[in-house]
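Chains: A, B and C, in written order; residue numbering restarts at 1 for each.
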């Protein structure tokens, strides 16, 4: 039974997420639906790209990841489908797939353009229901990827570059703040050693620990997080609040 | 595999939604459970009726929609089941099914009254678990609808009427504010033309656009929304906040 | 098709819950995943224990309940699996299973220690993905419980004792505040009679009613709740707000 995961910024209370699921099951009654999240901050493509990066590759080949954070719905932005390391992603062409493409060994992309794989007379305000969900369902049902539309050579990408790396220093950034207030950075764990020192929000936060609870309550712990990058946490507290730091803010690592 | 969708105002953190799912799977192990939402505002029957209207008909015939927003639990209000255009809805008789009945080509309604299809000794405070979930599961398992209890001729309805329509003017209302702050009205899209002008919260919001992004950031766009009615949005913002408007507030459309 | 339910304090927006689901489906493609909740307050083991108590026994024998609220992740705290009345629970050894063990007729516990049933090179910060999810998936796939690791005689328990009971008086406590602001207590329904009087937050709240709506709007109703204990509610309002009461606060019952 193929799996279709769903990510959106729709919340659930308006019935929009449930509408997408109904459309998918109408086309592909045998899929297993998996809610990834509907709690992306409205319009936060960057946050959606990060969330997607945490799970897409953990699903079996053939899985279809539907990801709809689509502030440009109805505009000239394209709808796209990507096959990356044998997993599919169906999403608006606004950079949402950036981290998938960066992590994949190989990928191809097509535009979702063929009307026969959309709902009849798609609305201009809800492509999640009328364009993305049907495309995801058809892929899950075995439709050949190329049938969705013409190839896309250059999907839109967010500018996510590795941080500048000196001999003894890395100038990283916070790329995600999670529900616990942990500051997840773009500094690869392999670039730093246990003796290195870290700075965020103009304050020193010590050196690398093995895990969150290797410090006392209310103290900062710098760890290599589950995404493989440096992460600044606060035991039983929120590092984001304590340091007044948000996504995009700098984090320094020094030997 | 029959589908049972779930809507409630329970949230999930108390374990009540999970309790309903356990009861359903205990009776009908082969159903596919689909969370529609558990985030309806506590007690908001009108909001639940709107959310349900966005998805019920998109599911295949035979689907069972469980919908529990039930401030009168344990009182004399009835539990009902509806079959509308071959989809089932199981809900308290408090108006939650109003929009389903209005949209359906045909429907029948019964009271959920037969104790054999409830949990033994149902509580007086959690009919979601003890009455509605078992009824939904039995329907999904193929129980004949009429077996649940006696026919109900007049289920309780919310007073949702089409707006007063003049030659050159419609006096509509906001019927739903979605997560994005879009003001969804009861003015049917077919009643207005692109030249018409709209007013909300005492302010002019221009004429019809095709989609949200046909205006600049921070500007209002009046569109025909995905529900087929006039909708007032604000690009990358919340029309509800900008205009200080809530459900029930008037929206004027003039030629 | 075996069922795996998921409880966590991860929220969904970070992609961590979706990561756990991907791991489970990778090991056990045929399970039915059921989201219990991901909205436990971060680190609130006591709240998680209560939520779990509301649903675990309603699922069929063989069900695997994954429950990850794990502030001590990566520390010396053990990972455990429990089989209680033929249902499995996989969780950190921090008291999360307390109410399951108290309610079960019989149970056994093992440590989740065998690396072959974990993801390779588990992180020190995300055992939900790397330790607990794989263990749950292997159990759902039919792995013999004892294979996960050595027996645990004394899993960590929260100190949850029945309230002191006098002849004419019970000194109970609020053990959970639900989404509606209902104050759920530890006073067993069988200990009190309809003539008893109740006090919370220094105020009298009357005697036992049958259900929430047996009082006027804005009035308190003391009921035997769906968990079988005394519960103090406020019709169309929040008893927690009205009485300024939180988990742990005392509730008096007097003949």
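Of note:
To be clear about the criterion, a contact is a pair of C-beta atoms (placed from the backbone, for glycine too) under 8 Å apart; a residue touches a chain by one contact, two chains touch by 3 or more.
Treat the numbers as computed from the prediction; the structure is a model and nothing was measured.
Viewed as a network of touching protein chains, the structure reduces to a complete graph with every chain in contact with every other.
Although subunit A and subunit B carry the same sequence, what matters here is overlap: shared residue numbers make up under half of all numbers found at their interface.
Its C-alpha atoms superposed on subunit C, subunit A is turned by 120 degrees; the angle is given in steps of 5. Subunit A and subunit B, compared by their mean Cα positions, are separated by 30 Å.
Within subunit A, the positions touching two or more other chains are listed as 32, 35. Of all residues in subunit B, those touching subunit A in their complex are 1, 3, 5, 7, 32, 34-41, 47, 50-55, 58-60, 63, 176, 178-180, 210-214, 223-226, 231, 236.
Those residues of subunit B that touch subunit C in the shared complex are 9-19, 21-23, 25-26, 29-30, 32-33, 35, 42-43, 71-75, 123-126, 129-130.
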